[in-house]
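There's a structure below that I have some questions on.
In this document, chain identifiers A, B, C and D correspond to the written order of the chains, with residue numbering beginning at 1 in each.
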Amino acid sequence: MATMTPGVLGSFVHVDAATDAIRALKAQGHTDLTVYTPAPNHEIEEVLDHPVSPVRLFTLVGGLTGCAAGFAMTFWMSNDWPLLVGGKPIATVPPYVVLGFELMILLGALSTVAGVIIMSVVNARKRVPYSEKFSDDHIGVFVPCRAEQAAAVESLLKRAGSVEVTHAA
Amino acid sequence: MDETQDTGMDRRRFLTVLGVTGAGTAALSGCSTDRVQKLIPYLVQSEDQVPGIPTYYASTCTECAAGCGLHVKTREARAIKLEGNPAHPVNAGKLCARGQAGLQSLYNPNRVRGPKNRQADGGTADIPWNDAIAEFAAKASAAGGRLAVISGAGRGTFSDLLAAWTAALGGRVVRYQPFDHEPMVAANRQVFGVAGLPSHDFASAKFIVSFGADFLETWLAPVENQRGFAASHGYHDGTKSRHVALSPRMSLTGMNADEWFAIVPGAEAAIALSMAQVILAERSSAPADAVALRGMLAAYAPEQIAQQTGLTADQIKLLAREFVSAEPSLAVAGGIGSQHAGAAQLCAAVNILNYVAGNVGTTVRFGADLDAGDGYAALAALQKQMEAGEIAVLVVHEANPVYALPKSSGFAAAMAKVPYKVSTALVLDETAALCDLLLPESHGLERWDDLRPRAGVQSLMQPVMEPVFDTLPTGEVLLRAAKAAGGPLASLQAASWEEYLKARWQGVAKARGAGDFPTFWVTTLAAGGLYDAAPVSAVKLAPGAQSVVGTSPAFTGEGEFLFAPSASSLLYDGRGTDKPWLLENPDPVTKITWQSWIEIHPETAAEYDVREGEILRLVSASGSIEAPAYLYPGIRRDVLSAPLGYGHTSFGQYATGRGANALDLLAAPGDAAFVPYVSTRVRLEKTRRYQKVAKTEGSNRQLGRGVAEAMSLGAARRGLTPEEAHHEEAGGGAHEINTARELDAIAGFAAAQKAATLKGNYAGDHPQWGMTIDLAKCTGCSACVTACYAENNIPTVGEADVLRGREMSWMRIERYYEGGEEGEPLETRFVPMLCQHCANAPCEPVCPVYAAYHTPDGLNGQVYNRCVGTRYCSNNCPYKVRYFNWYAYNKKAFPEPLNLQLNPDVTVRARGVMEKCTFCVQRIRGAQNAAALERRGLRDGDVTSACAQACPSDAIIFGDRMDPASRVALSAADPRGYHVFEETNVRPSITYLAKVLTGAEA
Amino acid sequence: MRKLASVFGGTLLLALAVAFLARDAAATRQAAPAVNDSLLAPVLTVSDSAALKGPRQPIFFRHDIHAGQFKINCQYCHYSVSVSSEPGIPSMATCMNCHLVIGGTDSTAQREIAKVRDAYNTNTPVEWNRVYFLARHAHFPHMRHINAMGPNACATCHGDVTRTPQVFKVNNVNNMGFCINCHLERNVSRDCSVCHY
Amino acid sequence: MAHAYTPAQTHAEVTRDVVATLGTPSRGYVMMLAGAVGLFLVGLFTFVMLLKEGLGLAGYNPPVMWSTYITTFVFWVGIGHAGTLISAILFLFRSQWRTAVYRATEAMTVFAVMTAGLFPIIHIGRQWVFYWLLPYPNQRYLWPNFKSPLLWDVFAISTYLTVSTTFLVVGLVPDIAAVRDQVSGWRKKLYAACSLGWTGSDNQWRHYTRGYLYLAALATPLVLSVHSVVSWDFAMSIIPGWHGTIFAPYFVAGAIYSGIGMVFTLLIPLRKMLRVEHMIVDYHFDNLAKLTLFTGSILFYAYAMEYFVAWYSGNPFEQVTFWRRAFGPMWWAGWSMIICNAFVSQLLWFRKIRTNLTALFIISIFINIGMWFERYVIIVSSLSNDYEPWAWGQLNPTWADWGILAGSFGWFGMYFLLFARTFPIVAIQEIKETIPFPRKRGGH
């Protein structure tokens, strides 16, 4: 099995304890932390202070492409074999707004989901220790560090109030 | 079936597999189209059969005694469409619904498929023709003087042969037709001393009075009458004739009258004589010998007879004055609706009226000598002989007396007394079922024959295809029997029936001094026969005119209602009931299909608490019938009616057991000269049972929606449009326009809309097919509906599906009532409704797959193989003229051999596909292909739709609207023109011309 | 980030282009009509017909000999192709016009021609297996096409028959794209109701 | 709002309670599932018969060319809309009370639209060529007609099915991960596969929350547009009684109204069966009932407006159509629609009724009967008395109509019950989000 990323994993019950630990770790230069929470938590996000997620660009590109594809498809297909119906012009905007809109929503939504998956996969670290409790009611903080720093990190976590600390070799 | 032809191969069966024919039979198949098919060539190339190109043969229609000329369209040696022969004087290119349905008697699956004879155990067994003819010859010659033949065949070479053949054996022939107009024949003999029926010229008559004569349905030659009637009664160059109908029940002819008087049944004769009396009293223009009638007519002064007729004295005087002042006028009588015991006297009275008004010789021309049988009296005499056991062998040819006579007449019992009976019926009908030997006759389209329906017309018939079944022309049977029997019949020798016919025609050719016979024969065959002008012989009053009696007859039986059966214009006397086209074509009056009914006036129904569809039982002294009630405002309150033609006990799968036989109520005719249809009183009983009536009528009131527009004669003369005429009637005030904005809206809107919708016309260089339908000429006879069924392979769906409103007829005749409440006269308007091929069609944008789209030449295209079946187009059509194949109707509707009638140019629609009138696009494309081969454009008249071609009133005109000189463009410009549902702005291509009304004042 | 968006957009356009091109390939090109003057048809036996494409016929009728080698005009046998929507199949009498006299050069030909004579004399026509079968919801007016494209335009759809020993389905006549392509190239109307009614 | 509701549970209790709903099915559940499958089989048999014999088996009476199949189609698309409304639109409004009910309603949406998606195949004449409605490149060079409302429908329904399914699945992933960590054996393998490797790391939450927000943002206009497009199936025609400009909002309000009716019908028995009464409480039903009252009143307005517009327009066709809708041969359907939709919803003004669950359940049955009749009346009564009086005709449905209706309920119920048993019916992570984490220094 690929090797586990070396580092220390702390498990917290109290959210303020976890934020204190994170603030302290960042102060010591450990910026590449991985924090597990059972539900998205506003305080954790603030203390980690990551940039806004780029998923919105996927949505924008998907939406615009969908809308363009919708109008392109309808106009091109109507003019490929022009058939007159009900005295109406062969291809105009009003009836095709519905299709442009539908494809905009469809491609927008699909590209958003693709964005979430891509972004989650792109810079996720492989082989990171995880515990079942982090999806129940515990908050987990994993600090990747070399063996020698492990002890210092463990004491820092315990001081902040971690209920359990494990080491990943 | 064994082969008798010497070629050893049945040419037509194999022709169908030429790889070409039967194109219409295999339906639009779902998946693979590469089934293994065989290509079977001729042995010897036939000159007149080119695969893919129709061949037309001239022949004569045998569906009724009128003898209209036919052009039979055949493809790959099988008849697929019947159309009128334009050169024929009787129908001039037109054909009624019964004529169009002749194909379904040719291809009827219930036809007797070969000679049969009765076996010891009572069953019938197939026997070869040679044995059948030998047995027939032996029995006939053995019977000698005790041989009797009942023949319904028209006057012609066959009838002459039959008469000579029977006379040679010493037997006797009775020529019998159920509706044989015996009262008219008797009246002509009594009043003018002339036996025979005159011809009537409806075209030049300016005022027509019909005393119960339904001349548009079953009276003498309905197509000829309708052509004339539409020409005079339809609005043309500022005028139209007036038609008044006097009868207890409003028939289809009554619906086309300007005024209908619900007179007391049986009082028609008195009214006619009273009118004659008024004319003689007030005018001196009557012929000299008519003055002698003043004495006899004095007893019929209007004041004296008015109260027992249902008319007031003034009304009679008004009618009389208008009758004599309209030069020429025409009075007609002798229809089934008024054939009561006093019918002969009624016809005599009408003869006097015509004579007194000077019409005899102008609109009533004797000398035409229309074909008529020997009358019921001759048949009754024969029946007496049969009951007395004097008849040893009875041959029944083209007649069904067991069904056509009331059961109380006991004809079936009389037949039982005849030891040996022979029938040549096409279908195993009630009479044939009792016979011992069946010699099935070839249908009129499968045999050589000729007919002389009237003086001056000798109409030929030629086989257009191989016989569908193992049948022979009866002429052939007679000649072969003569050869087999020898003895007295030896003189009637001929190589074959065809040769016999040709021999006789050689005589005709010699008489006319024609050169060599073959060319004469071919040219006459191509023209359909010889047509000379009918001689007109002057007639004088005979002494019998003095003894005419106008008293109304006594009706037998007790019961509070008089029973007046009505002859159906589609089923005639019941010979049409085995044809699905005629059963599914809604009855022109009641719009009921597949069922018989009892007509009762709405107020009488309210009085007896009768709802529509409630099954009523009518009981008379002689029997009872049960049928669902139909509330009909066009009948007297004390009269009930039921259609003739239903209640068959043995007439094939379509007719047997369908509806009730109205004749069961009638008493035995006894020694009357004719069957008195209107003769018995009946008691009305309720049966507490209910049956939904299979009618195609939604609401028969148009709720002021302008579907059937009409305008007064005055308005029409002043060239007003229907809208202006309505506007004038409704107070006439100028429509005050309040604001300038309203002016802009009216002007601006119309122009903008027109520009927006011109796209339907592409570059404008294509033809834009259109149609005009003149409601002033349309009589609602439904010939166009059957013509459309025949041309476009439309399936008949059967009673259960008509009950659900799923009939597939692309064209329907809508019959809207106007007035009729609180004593107002009831007016009826007919609107043939079909796809309007709108330029701004609402059905096209809603179809998700472009199955409904607009063609460059102005048609609303319906591509069957592209249709997915969402049915939104039918929802969005304001005219509701799109029909859906809920089931695979093509599989149920064309059992072998009916599928031979399918038109190979028209796709047979599969299940789940929408279909509608296509303006006969196959005819348009066919004409365009032909024109392209000749390197020329289409000319007006190259293309006409099946309905326009068949319409006896010539009310439908089809053509290219873009061609300013075309008939359709000219008639579309008529100020009477309007579009149905104009306000939906769908811009239909069909222009209706408003009906023109002439009330009493005109 | 930009890279990803462009990758995403690119794949979409590529998919559309492939679909567009796939459609053109579906309509096979027509065989060019070529009649070679000095054409000598190969000598084959009945058993060879099993190896050849197309259904085996009751008589091994050789178009390459009749139309190719002897250059008999198509309309001699298919007599109604220039006047009717149906080309027409030669009657047995048409065959006998020549085969009354011509007995055939090699043994196979003689045996096949004997079948023709036998069929004619016993009045039982030969039941050919149909090769081209147009779906019933479409109407193909042969005469308009012959009228427009000339009398020897048969090869356009039926392939160069003068070199085919046994007729086979060169083009699937039920492939609508095949007809529409031709109509587009010749700028002829492709309105639905021209063929579907 | 009267009082902000915070569930009285800790995070561990939430996980335990929701995982408990996925245990071995109770007898009641199995019976309901068997019933649903039975109804589905009835529908399947009917559909096979329609395929074999033809649409004639159903009670179609021309001129009424659309009847119960289109009614049931619009009914199911309508029910689908409440789910997306609650899960997407209320998510944008940050409403507190949506968290407990939104997963159940979102699942209801997906299965309702799946049921509706069947009808463009069931009701057309040639079911086996339904794919012609899609713009796939073909050798015939033929394309569908994009001007047709039916084609807009195909695109709208398929987009709506895709987006709402995506929305449901994206919402489910964290919950499946939570369940994965609680169960063992083959179920752990199943849930591990479904959770797509979700660990709840900060990086994942960062993209997940934004992604979910944008999905909700996209789903909001979609839910309003889909039923507008479905209403344009009718509004684009020229049939009196159909082509009204009020149809889009009228149908959307009706959709939400009938959707929440179905939510009551499903949730009230379900919460008892899955023993989650303490998580889906009166507070939720009270707010749902208020939403029902709101949309019910819009329907009340719409019905009145339809009759007023018909009268005011002076168009004789419209006036006769609406007169016959109220007093003609179909008066019974017209009045049951108005009573069930407009008057029954007015009962929800009273708090006592809004919080009485049995009352809500009964009202929800009336709501959905009324809404089915509303579509039936709109479609059938307008078609049966159209422009041409001669072609008027009454529809009388047959067993085939009711068979497909029963089949649609079976198909929907079957999927919903299976979903309730295999996936968490209450959103674990959303509820945990509303419960504040315990703090070391106390206080909240």
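The rule is short, and it goes like this: a contact is a pair of C-beta atoms (placed from the backbone, for glycine too) under 8 Å apart; a residue touches a chain by one contact, two chains touch by 3 or more.
Small disclaimer: the values here were computed from a predicted structure and weren't measured.
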{"item": "A-D compared against B-C, more contacting pairs", "value": "A-D"}
{"item": "Chain whose Cα centroid lies at the greatest distance from that of chain A", "value": "B"}
{"item": "Rounded Å distance between chain A and chain D, as computed from the means of their C-alpha atoms", "value": "30"}
{"item": "Whole-Å separation of chain centres (CA-atom averages), chain B against chain C", "value": "48"}
{"item": "Centre-of-Cα separation between chain C and chain A, whole angstrom", "value": "63"}
{"item": "Averaged-CA centre spacing for the pair chain B and chain A, given as whole angstrom", "value": "82"}
{"item": "Touching two or more other chains - residues of chain C", "value": "192"}
{"item": "Residues within chain D bordering two or more other chains", "value": "141-145, 147, 151"}
{"item": "Two or more partner chains touched - positions in chain B", "value": "842, 845, 847, 850, 853, 866"}
{"item": "Chain A - residues contacting chain B, complex", "value": "83-89"}
{"item": "Contacting residues of chain C [partner chain D, same complex]", "value": "19-20, 22-23, 26-27, 175-177, 180"}
{"item": "Residues of chain D that touch chain C when the two form their complex", "value": "137-141"}
{"item": "Footprint of chain C on chain B - complex, ascending", "value": "7-9, 14, 18-20, 23-24, 26-29, 33-45, 50-53, 850, 853, 855-856, 859, 861, 863-866, 905-908, 918, 921-922, 925, 929, 932-933"}
{"item": "Footprint of chain A on chain D - complex, ascending", "value": "10-12, 15, 135, 141-147, 151-152, 155-156, 158-159, 162-163, 166-167, 170, 174, 177-178, 180-182, 196, 199-211, 214-215, 218-219, 221-222, 225, 229, 232, 429-430, 432-433, 436-441"}
